[in-house]
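Both complexes shown next keep chain A, but they swap its partner, so chain B is in the first and chain C is in the second.
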Partner chain A sequence: MRIGSGEGFWGPIVWVILALGILAMGFAVWLQGRRTYKRGTEQEEPFLSGEKLSKGGGAVAGIHLYWGFAEALRPLLSRLVAFHSGFVGDYVGWLLVVLVVSLLVVMLS
Partner chain B sequence: MLIHAPILAIAVPLLGAFSLLGLAYLSRTLRNIWACLISAFTSAMAVAVAIRAFTEGVVVYTLGAASPTESVTAGGFPIRIVLVVDGLGAFMGLIAALAGVVALVYYFQYLKEEEGKSLGLSLLLLLWAGILGLVYTGDLFNFFVFLEITSIAACALIGYRTWESRPPEAAFKTMAMYTLGGLLVLISVGILYGEYDALNIAYLSKAITGSLLDKLALGLLLGGLLMKAGAVPAHMWAPDAYGEAPATATIVLVANTQAAIYAILRVVFTLFGGALAAPGIGWLIASLGITTVLVAVLMAVVQRHLGRLVAYGAVSQLGYMLLAVGVGAVARGGFGEVALTGGIFHMINDAASVGLLFFVVGAVRRATGSVDLLSLGGLGHTLRWEAGFFLLGALALAGIPPLNGFASKFLIYESTFRASPILAALALLASILLLAVVVRAFQGAFLGPKVREASPAPRGMLVAMGILALVIVVFGLFPGFFIERIVSPAVQAVLTGREAYLAAVLGG
Partner chain C sequence: MSGLNALWQAILVLVGGGVVGFLYKGLDRKLAARLQGRIGPPLRQPVLDVIKLLLKENIVPRTAIPWLFQAAPFLAFITAVTALLYLPIGSLAPVLHGYGDLVLLLYLLAIPALAMAMGGFASGSPYAVVGAQREIVMMMSYEFPLAIAAVGIAWRLATLGIGPSFSLATIAANPLWGLVGPLGWIGLLFLFVALLAVTPAELSKIPFDIPEAETEIAGGLFVEYSGVNLALFYLADVIKTLVIAGLVVALFIPYGLAVPLGITGVGGQVLDILFFLVKLFGVVFFAVTVVRVAFARLKVDQVVRLYLLPTTLLALAGLLLLVLDKVVMGG
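Presenting the complex of A and B:
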């Protein structure tokens, strides 16, 4: 059930067997771990560089995941958001751009 | 009856869409049974057509002739309307069948009666008929007519929630774009008809000489179809439409957009494949494809609306298909064949993964009344099946092995690398970014502490999601099986099937 690209191949069944092997190895390593874990103790608290959690707790919503990444790309992203203005006149304008480029390419081909 | 399968696959849902509204006045049960019968029959006809096209070659069906196989008159001129189904059309018919069936299964428990269930069902069948007509027709004017049928039905479905403000606005914008795109196609059809006195695609393909008017017609067709395929920068209607349409309609809307990519293949490789087979057109499509991938993925990063986030993910996948079509048109053989195999295989993979994601978004909206990631969280505690399905669809969309999205993207990356390593690197980078985006959406909606109550989706909706999940896993684990049986005939129809297409219609 492999597929070839002329340069390489992809065999999902082989991949699944390998993945299962790696999972089994991981499980074997896990079995070697300490057995002193107790539910409901301080062992369940997240380790934040040795800092203690505030009593009020805190939550980071999924929307904040990759916040730094989005922040780093903000100059580009803000331009892209502005480009998607939501005005139908702009939509039509960009359709005309695609049309003109298509016509130019076809005429020059 | 099987000889009439091509026309029955179009006529039954078309007539069924209107008769269903009459039956709905008599009894809802009767309406539901009728819709199931139409759906089952249409799918069976699409499968029958596909089997014939894959085993016997190009299927030709002539309307108005003494026999459905008489496509030309005694003088050798194709005057009648013909349906011509080769491997590519048959493959698209299968995608439409899959989308139509799962949409209907999902539909029955998704919309409430007071939300105009009968009208929605009717529009769904109309859109289905339009897509099948678009991919089966061998006549350029009928192609335009079916394009318009799909546009009208799609816009009505997008603006279906008239009691909210955003869907009608999205429908208006989509209608404005579809109308202009349709106009470009109509002008192009008019130019070719004026030049050659014919509308038959096979006849035109043989007659086209590559004149200035032919080039003008090709440019206009490409402009209209690239817009309908969601190519950047004419893509902006797509996230509006996908994000606001009812979830049940979205998978059929995705199939509708893919029909535009089918049309680009038909125009570039069949209609103008003889006189105007220039690599420049391939580079144009590939460039727009990679731009679409990058812009859509970056826009997905900033979305808070789960539906729009998935919509931008869907647009990015259309970019991968355009990239593959472009590379295929540049090379026309060798690695071009690999690119087209990846691109065409990606169509069905995309329909399954994007369809599944939109179905989950619909289930989330139904369960919580919101799709704003800032107000969602912890839904995995109560919507366990939905969470699993979302994760599966998201990983498939991002091209994570061993799911189906990886198999098709693998072929696209490898072949694109042969055409341009820079394009391949950008495509790969966008896929990684998309993974980050969908992981963020999964984390935001389903993980973490429970923030609101939600009721799980009814069984019918879960069954529809389950069918798509099964497609994702099975196509991912056995890609070779499906490529050999349903994708390769479509690829061969594109690359080497032009002569067979012409011969099947015109004889000789």
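Presenting the complex of A and C:
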């Protein structure tokens, strides 16, 4: 079976068969490895440079995910944040501006 | 092509890919050491590393989601290895030609990184979670210029009436450099540079190794991995290095030696495969080895800024020049 768009294509069933074959290869490698460790000992503790993990776990909040983005794009984001005045009139005004620009682009093209 | 023939070819490519991957990994480490004035490890060191990992305990941390933690290395391994069979090798079409195109290859290249992030999140270690978050942020930054470079080439081929334009065999058989005008040529050069800039980040190599960053977060998303699970990630990295270098070659330097030298038949195919391996080595050496020796690790915000601003703008400029080239030169 092959799914095509005219310019692109792929055969999902072929990929699944291939993936199962490669999974078998990976499993064969996995079986060669040592699979035991000392369960219930300190080995199972996550590494935290010698510190003990707190009772609540060492969760790093998801909000940190975008820290790199926010930090890199701070000049742009600070301008975008300034647009968010909280007034509905401002938002509707921006909506109208974007609609007019979009219509102009569509009409001209 | 019969199924049995395809199976033999697939086995040949996978075994050959494994051997070449380990060889390039060894060469990368040896040459990086020589560039830094060190002797470096022997070429067989990557193989010894995997053997050593197989002898180590395969620990699953108490805080982990065990099935997800164990599944992540398999997912990375499967997607990296399957990607190898969608690449044209020398003058030969991909083994699975007709069953997967450039878009599939881009997805398969993205999944090992996602699997690493998934494993990091599943381990429950704060270091690994920070590393996984960095991996995701880095992916969100470099995928855009990568997609622009790939789509730009396919789009220009489609405008020239060459299709199916997303087929890697079609792209490799019709190098755009000779089909476009001066504007398109400059545009292609921009896209080539953008793709080369993305290559070390795809492989999480210095200066883009922020998800691992041993000296900061103790190995990041791999901090809890050991033994055979880490070996599977290592194998996935070995193969993914070949795949990303192979993609660069297929998109931008697909030329062979057999046709210009007038060598036909099996001899020509062997010559083209050898030349393909030289080109792969060139890409790995200049885009990975030299870069990781020459630069120090960047911070996460610096990586995001580098890819979302100059690299994306360069890729967009390349795409725009290809569009202008179509307008000037015609379809």
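Convention: the second predicted complex is superposed on the first by the 62 of 109 C-alpha atoms of A that agree within 3 Å, B and C clash if a C-alpha of one lies under 4 Å from a C-alpha of the other, contacts with A are read in each partner's own complex, and residues count from 1 in each chain.
The working rule: a residue touches a chain if its C-beta (ideal position, glycine included) is under 8 Å from a C-beta of that chain, and two chains touch if they have at least 3 such contacts.
Treat the numbers as computed from the prediction; the structure is a model and nothing was measured.
Of the two partner chains placed by the overlay, only chain C lies in contact with A:Leu48; chain B stays clear of it. Of the two partner chains placed by the overlay, only chain B lies in contact with A:Met107; chain C stays clear of it.
Of the two partner chains placed around the shared chain by superposition, chain B is the only one that A:Trp94 touches, whereas chain C remains out of contact.
By the document's definition of touching, both partners, chain B and chain C, reach A:Leu73. By the touch criterion defined above, A:Ile3 lies against chain B but remains apart from chain C after alignment on the C-alpha atoms of chain A.
Once the two complexes are laid over each other on the shared chain, residue contacts for A:Leu65 go to chain B and to chain C alike. Once chain A of one complex is fitted onto chain A of the other, the partner contacts of A:Trp15 extend to both chain B and chain C. Of the residues of chain A, those at positions 2, 6-8, 10, 15, 19, 59, 65-66, 69, 73 touch chain B in one of the two structures and chain C in the other. Those residues of chain B that touch chain A in the complex are listed here as 172-173, 176-177, 180-181, 184, 212, 215-216, 218-220, 222-224, 226-227, 231, 233-234, 236-237, 239-240, 276, 278-281, 283-284, 288, 295, 298-299, 301-302, 304, 334-335, 338, 373-374, 377, 401-402, 406-407, 410-411, 414-415, 417-418, 436, 439-445, 447-449, 476-481, 483. Chain contact summary for the complex, chain A toward chain B: residues 1-3, 5-8, 10, 12-13, 15-16, 19, 59, 61-63, 65-66, 69-70, 73, 76-77, 80-81, 83-84, 86, 88, 90-92, 94-95, 97-99, 101-109. Chain contact summary for the complex, chain C toward chain A: residues 10, 14, 53-63, 73-74, 77-79, 81-82, 85, 96, 98-104, 123-130, 133-134, 136-138, 140-141, 154, 158, 163-167, 218, 223-224, 227-229, 231-232, 235, 300-305, 308. Listed in rising order, the residues of chain A touching chain C in the complex are 2, 4, 6-11, 14-15, 18-19, 22-23, 25-27, 29-30, 32-38, 43-49, 53, 57-60, 64-69, 71-73.
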